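Structures are listed in the sections that come next.
Both of the next two complexes hold chain A, though its partner changes from chain B to chain C.
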Partner chain A sequence: MLEVRELNVFRGATHVIKNVSFNVEEGQIAALIGANGAGKSTTLLTLSGLLRPRSGTAVFRPDAQEVDLTSAPSEKIVRAGLIHCPEGRQIFHSMTVRENLEMGAYAQLDQKLVSKTTAEVLELFPILAERSGGMAGSLSGGEQMMLALGRALLAQPKLLLLDEPSLGLAPLVIERIFDVIAELRRRGVTILLIEQNAAMALDLADTAFVMETGSIVLSGSGADLALNDKVRQSYLGGAA
Partner chain B sequence: MTQYVFQQVINGLALGSLYALLAIGFSMIYGIVRLINFAHGDLVMIGGFATLALVSAGVPWPVILVFVLCVGAMAGIAIETVVFRPMRGADQVTGFIATLAVSIAIQNSTLMALSGQPRNFSFPAFMRQRIDIAGSSASLTDLTIIGLTLLLIGGLFLIVYRTKMGQAMRATAENLTAARLMGVAVNRTIMTAFAIGSALAAVAGLFWGGKFGQIDPLMGFEPGLKAFVACVIGGVGSIGGAMLGGYILGLAEILFVGLLPQEYSGYRDTFVFLLLIVILLVRPSGLFIRQTEERA
Partner chain C sequence: MIPDASSTSVEAWSRPRAPQWSFIASLVIVCLGAVVVFTMTQWLDRYAVTLCALLLINAALAVSLTVSNGLSGLFSLGHPAFMTIGAYVAAILTFPATRKGTMLPDLPEWLAAIEAPMLPAVLLGGGVAGLVSLVVGYAVLRLKGHYLAVATLGLIIVVQGLVRNWDGLTRGGSGLSGLPRHVDIWWAYGYLVIVVALAWRIKYSSLGRAIMAVRENELAAECSGINSARLKILAFSVGAVLAGVGGALTAHLISVITPGTFSIVLAFNLVVMVVIGGAGSITGAVLAAAGITLLSESLRPVEEAANLYGLSQVVVAVCLIAVLYMRPSGLFGSGEPSIVKRIFGGRGQA
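Right after this comes the complex of A and B.
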């Protein structure tokens, strides 16, 4: 569904992504793990068209379409179903919870589908229904993450890019978020997940990639990588 | 005395309407692209001369109003696409200097084309009559300006707070990256903000010419600066703040001239810019924005 080949991205003069290649297959959860500054977020920003690569290809194939992510404008990428739930949640603080959800459905034309999905999202996160008229900026961190996820779901994702959904959240909330991610896979959403919490990510992921200073250094199934000595030492905090 | 004060208040509200129309556009554009647009005042002049041309052609006034809105919108779109779009992503100072360049270019090409000779047009004679309100009187021109301005601002608020495009504009103003990730076509949104802001500025030009009876190629400079002051008073980037800032400035300016002895009236601009300095010292983020919400 997503095919990235020899991608090179610069930020200013810094070579942030170096010859990165990977695939994400339809219906899977793929995890991208690695330390801070390894280039994970930059990879996602490039895939959603906010950064342009210096070289390489990135192709998104939902259904029969084919979208060239290195040249398509971001609004076209969104309409094709590649939805990016960004790091730090980035909800619209000065808008109400309802308006934030409406922004998620901004590119959707089918109003029936939008109301159906809105109902589903509010069922998934009842707190959002309760706070519907309140300002999004007044939500707690966990609630903001639920809003960011709900907003992304309203965009009808076929491939969902999740950047650090667990960052700064309480363990119980993290569990809730990961439950939802698993539920999304059951509903057929393909997911590319960035996580600092490598244990949880590998536990959930079908495939995983380890990124170090801009390159993918290891890849394999989530279960395999969870047993890999190097991964255990560097990212799982366990003794080999 | 109360009658005199009442007249001064109406007068101040009329002037405030002009500042508000201008300040709102100024603020919208800043809010969405973080650009202090010093060419914004020149749209007043463009609106003034568009009105003059249409009046000379004998076009009826309601049609002129609509036309001037369109001319302003198109001028705004042209300036945005030709000058500001290619500079998107450049740093703020570069953008700021570019707006000064646009302003100077507009003023001087108009001077070359039309000469610096002031021109005039006036509203129809019946607009000059005075209407009695509760024992006092006010000019129909001022009342019309105030009424139409409130209508236009009401329409603007409907667009910004009740339409999908308005919601996209607010989203883009708050968080450009997130707006793009929602599928907002940012260039189109920015263009719309320029079109709306510039249309309002052009109508301010129509009102300005009708109220003061004279237009010239450099007329946009002073209202442009005053609109900037109004924005600072209200809090740059906030539409409601810009509107209130415009009215406060208009009222303050007129009451300063009207209530103090005559010999001070020449200092009205001094007063306005003193007000700017005081606001910048005391409440740099504006009267209507809480300090914590201050924008970067």
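Right after this comes the complex of A and C.
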């Protein structure tokens, strides 16, 4: 569904992504793990068209379409079904919860589908229905994350890019979010997940990639990587 | 498990609003306003009526700045530049053909022969201002915060410099006087109604919501499929077109236009109106513009009597400080008071 080949991205003069290649297959959860500054977020920003690579290809193939992510404008990428849920939740603080969700459906033309998805999202996160008229900025961190996820879902994702959904959340809330991510996979959404919480990410992921200073150094199934000595040492805090 | 709350609120979300009622209500308000304007023309002297017309135009300009600055969060000071462009374009078009030959020798023949009526001249003035804003916006809207403010401030100076030195087209520093007085208070009132209606439509449409989303969080807006660069240019240009029209109307109201008519001081005053009213609030912009114009005009006799020139500027500045101290987000924040929203049919709680 997503095919990235030899991607090179610069931010200013810094070579952030170096010759990165990977695939994400339909229906899978793929995890991209790595330390701070490894280039994970930059990868996602590039895939959603917010940053442009210097070289390489990235192709998104939902259904029969083919979208070139290195040249298509971000709104076209969104319409094709590649939805980026950026790091740090990034909700619209002074808009209501309802308005935030409506923004997610900005590119949608089918009003029936929008109300159907809205009902599904509110079923997934009942708290959002309770708070629908309140300012999004007054939600707790976990609720804001749910709102960010709900907003992304209203954009009808076929491939969802999640950037650190566990950032700054309490363990119980993180579990709730990960349950939802697993549920989304059951519903047929393909997911590319960035996490620092490597244990949880590998537990959930079908495939996983380890990124170090801009390159992918390891890849394999989530279970394999969780057993890999190097990964255990660097990211899972286990003894070698 | 589906809690009841979710299903009921989904219904509420998709329930259609009643647009007819608010349309009729707005129409009634517009007619009431027209009655007030008519009464003014009957009872007040000519000077006072012209002053009221200026007040209406100022209010409309503040609303147009609310569209380009308030909704989008841009901090542009470029309004006087676009007003100057609109005013000169319209003035050159409407200027009596008999006087054009001697006063504006560099005009191309077809322009020198034209003596356009007011409406097309005003529209062209707004149109040219809009075109300039597209070009300028493409370049300067990459800048943020004070960088954008400084760049648009520079735009005022560039436009003034051009106008001052392009003698053959603009008559330079001495300006164009004796413009036909095509504009009266009815033009000003019509302009205000159109600007407010347009701003209201934009604000409470998905377009306006998208522009406000860009103001709130550009990254999140782009992730929702919004082309933020295009929306910023759009907001900037809508403001510029309306400013161009406003400049053209002002010039034909006071029947004179010089390079200094719309100065940096005006940019400051308009921004103050938007800030006092609350960035993004249309009601706030109208009320603040009316209040400040009335205040500074009513202080003018006091200034003269007490020989305290500049008093009105001090008072306006003090008002600004007081409002910012007591209500940091302006009188109405970025929303509209609920009574106004009930009449004109805005949506949402914000």
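By our rule, the second predicted complex is superposed on the first by the 240 of 240 C-alpha atoms of A that agree within 3 Å, B and C clash if a C-alpha of one lies under 4 Å from a C-alpha of the other, contacts with A are read in each partner's own complex, and residues count from 1 in each chain.
Keep in mind that, in the parts below, a residue touches a chain if its C-beta (ideal position, glycine included) is under 8 Å from a C-beta of that chain, and two chains touch if they have at least 3 such contacts.
This structure is a prediction, so every number in the text was calculated from the model and none was measured.
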Item to complete: Following the overlay on chain A, give me a clash-or-fit verdict for chain B and chain C.
Response: clash
Worksheet item: In the superposed arrangement, which partner chain does A:Lys158 touch: chain B (first), chain C (second), both, or neither?
Response: neither
Worksheet item: In the superposed arrangement, which partner chain does A:Glu75 touch: chain B (first), chain C (second), both, or neither?
Response: both
Practice prompt. Look at A:Glu130 in the shared chain and tell me whether it touches chain B only, chain C only, both, or neither; answer first, second, both or neither.
Written response: second
Worksheet item: Between chain B (first) and chain C (second), which, if any, makes contact with A:Thr118: first, second, both or neither?
Response: second
Item to complete: Report for A:Met103: first if it touches chain B alone, second if chain C alone, otherwise both or neither.
Response: both
Fill in: Contact breadth on chain A, by residue count: chain C or chain B
C
Discussion item. Just checking: does A:Lys40 make contact with chain B only, chain C only, both, or neither of them? Give me first, second, both or neither.
Written reply: neither
Discussion item. Using the superposition on chain A as set up above, list the residues of chain A that contact both chain B and chain C.
Written reply: 48, 50, 73-75, 78-79, 83-84, 86, 90-95, 99, 102-104, 106-107, 151, 155
Discussion item. If we count contacts the way the header does, which residues on chain B are in touch with chain A in the complex?
Written reply: 164, 167-168, 170-171, 174-175, 177-185
Worksheet, complete the sentence: In the complex, chain C touches chain A at residues 1-3, 5-7, 9-10, 13-14, 206, 209-210, 212-213, 216-217, 219-227, 334, 348-350
Fill in: Residues of chain A that touch chain C when the two form their complex
48, 50, 73-75, 78-79, 83-86, 90-96, 98-99, 102-104, 106-107, 111, 115, 118-119, 122-123, 126, 129-130, 132-133, 151-152, 155
Practice prompt. Give every residue of chain A touching chain B within the complex, in rising order.
Written response: 48-50, 73-75, 78-79, 83-84, 86, 90-95, 99, 102-104, 106-107, 151, 155
